[in-house]
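Report on the structure given below.
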Amino acid sequence: MVVGHTIHLRVRYEETDTMQVVHYSKYLVYFEAGRIELLRSLGLVYRELERDGLLIPVVKAVAEYHAPARFDDEIMVRTWISKVGTSSIRFDNEITRLPENELLCAGHTVHVLVDKGGKPIKVPQEIRKRLSRTK
Amino acid sequence: MVVGHTIHLRVRYEETDTMQVVHYSKYLVYFEAGRIELLRSLGLVYRELERDGLLIPVVKAVAEYHAPARFDDEIMVRTWISKVGTSSIRFDNEITRLPENELLCAGHTVHVLVDKGGKPIKVPQEIRKRLSRTK
Amino acid sequence: MVVGHTIHLRVRYEETDTMQVVHYSKYLVYFEAGRIELLRSLGLVYRELERDGLLIPVVKAVAEYHAPARFDDEIMVRTWISKVGTSSIRFDNEITRLPENELLCAGHTVHVLVDKGGKPIKVPQEIRKRLSRTK
Amino acid sequence: MVVGHTIHLRVRYEETDTMQVVHYSKYLVYFEAGRIELLRSLGLVYRELERDGLLIPVVKAVAEYHAPARFDDEIMVRTWISKVGTSSIRFDNEITRLPENELLCAGHTVHVLVDKGGKPIKVPQEIRKRLSRTK
């Protein structure tokens, strides 16, 4: 089974715009919160990875917007790892509104592991194991 | 020739993150600034379109990140219209760093024209003409 | 006793900047989240107040920065109502880092109740009662 | 005469919120853009100061909101230095809407000069001279 994780967020006033819905750029912030917590659930604290000299910048982001989130909505961000390459990771996301679980946004991000100098590095064996752990 | 427009921006401190580069969500904000100014250059003031009951929400966004922008960089956002469908528009973007014109981010967004009730409407003839105007 | 409320937040990557600390503007976003939840705890759902035509825009904001918050820090936002005027409310805030409870930021915001036309209105009796409820 | 500088900005869609006005936290972002450009006009490039190990974090921010800015408004940010202390600087700001020059927001920020370790340092003589240059 796939490695996944779910978080719940409350839409902030600042995240909305003149159309009275969440601005389309903010879903990438929600995706990121989902990734951070998915990694934490696997024993990988992103802050510590960075401290150890391992960065995971994004090289591609895709989002499809199905329905708008609004101020004060409770939303659920589901994140899972769909691919681990030689030095890359792909995370997929789905954001829904609670309690109906209506789909708001689906997307994915692709990341490359790099050292502090920006040079790609292979996914270390210890991390690879955690990323593909069956739940 | 394609309808396009170019704007110049200065990266703000707030747009950067702990990696000391522009946060990946902010490129969607730059894309949007590019779209707004492209439309203005075609005689379409987005604020007035909204006032007249025509909204252009995004239904898909794609961004590929080639190199990071940093605080105080002068960047150029090039925006052009690559497709006008029955009730949709696709904008393409390229962001480069000046003065070398190094590619930082390329992407596109797809939009649907809707009325205030959220119902898709056909691209009005007057707008279609402007969007496909040869420059 | 004063009416107060406490929420816990996790600092997001997007909220930090090149100095590798939370950007100074984001504390106002945290203050706002604190206010919204304080109001909710008093039975006042801000989204519903807005729907009923009662807006509470800010007219003044003050923040003093004592120590920087960093990515992934768990912070606590304490919010309380320090004054209810004829048509104004003052909220005070303190943000600390957990688990040590180290003070990061203290401040306050002053708000005026207005109708949809922007005209100040007196704090309705029912709301005044809730805002000054002893806990 | 006081050292001052003026910049013009266009309000972005992302900077607005459900109240269809600029979110109150964004004025601090505008203040910052004003400071950066004021410093540049004095020959002080903030990015280079940081590179040289001199940081200027904010210790206090105050903003009074007089009238709301809206999407697509052209605004003017006036910034001036009102005080240079032993190791502190105070910047004052006024934001108005063009073309009427209507006052939207007035405020100030207080900063302390620190080294990379966060230790306060005296304002270097060369910088002090520039900050108090008569225009």
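As written, the chain order gives the labels A, B, C and D, with residue 1 at the start of each chain.
By our rule, a contact is a pair of C-beta atoms (placed from the backbone, for glycine too) under 8 Å apart; a residue touches a chain by one contact, two chains touch by 3 or more.
Small disclaimer: the values here were computed from a predicted structure and weren't measured.
Chain pair with the larger contact count among A-B and B-D is A-B, by C-beta pairs in contact. Centroid analysis (C-alpha atoms only) places A farthest from chain D. Separation between the centroids of chain A and chain D, computed from CA atoms only, is 34 Å. If each chain is reduced to the centroid of its CA atoms, chain B and chain D end up 28 Å from each other. Computed from the mean C-alpha positions, the centre of chain A lies at a distance of 24 Å from the centre of chain B.
Shared interface positions of chain B, defined as residues touching 2 or more other chains, are 13-14, 18, 25, 29, 32, 71.
Residues of chain D that touch chain C in their complex: 18-19, 21, 24-26, 28-29, 32, 50, 55, 57-65, 68, 109.
Chain contact summary for the complex, chain D toward chain B: residues 10, 12-14, 29, 32-33, 36, 45-47, 71-72. Chain C meets chain B in the complex at residues 13-14, 16-18, 20, 23, 25, 70-71.
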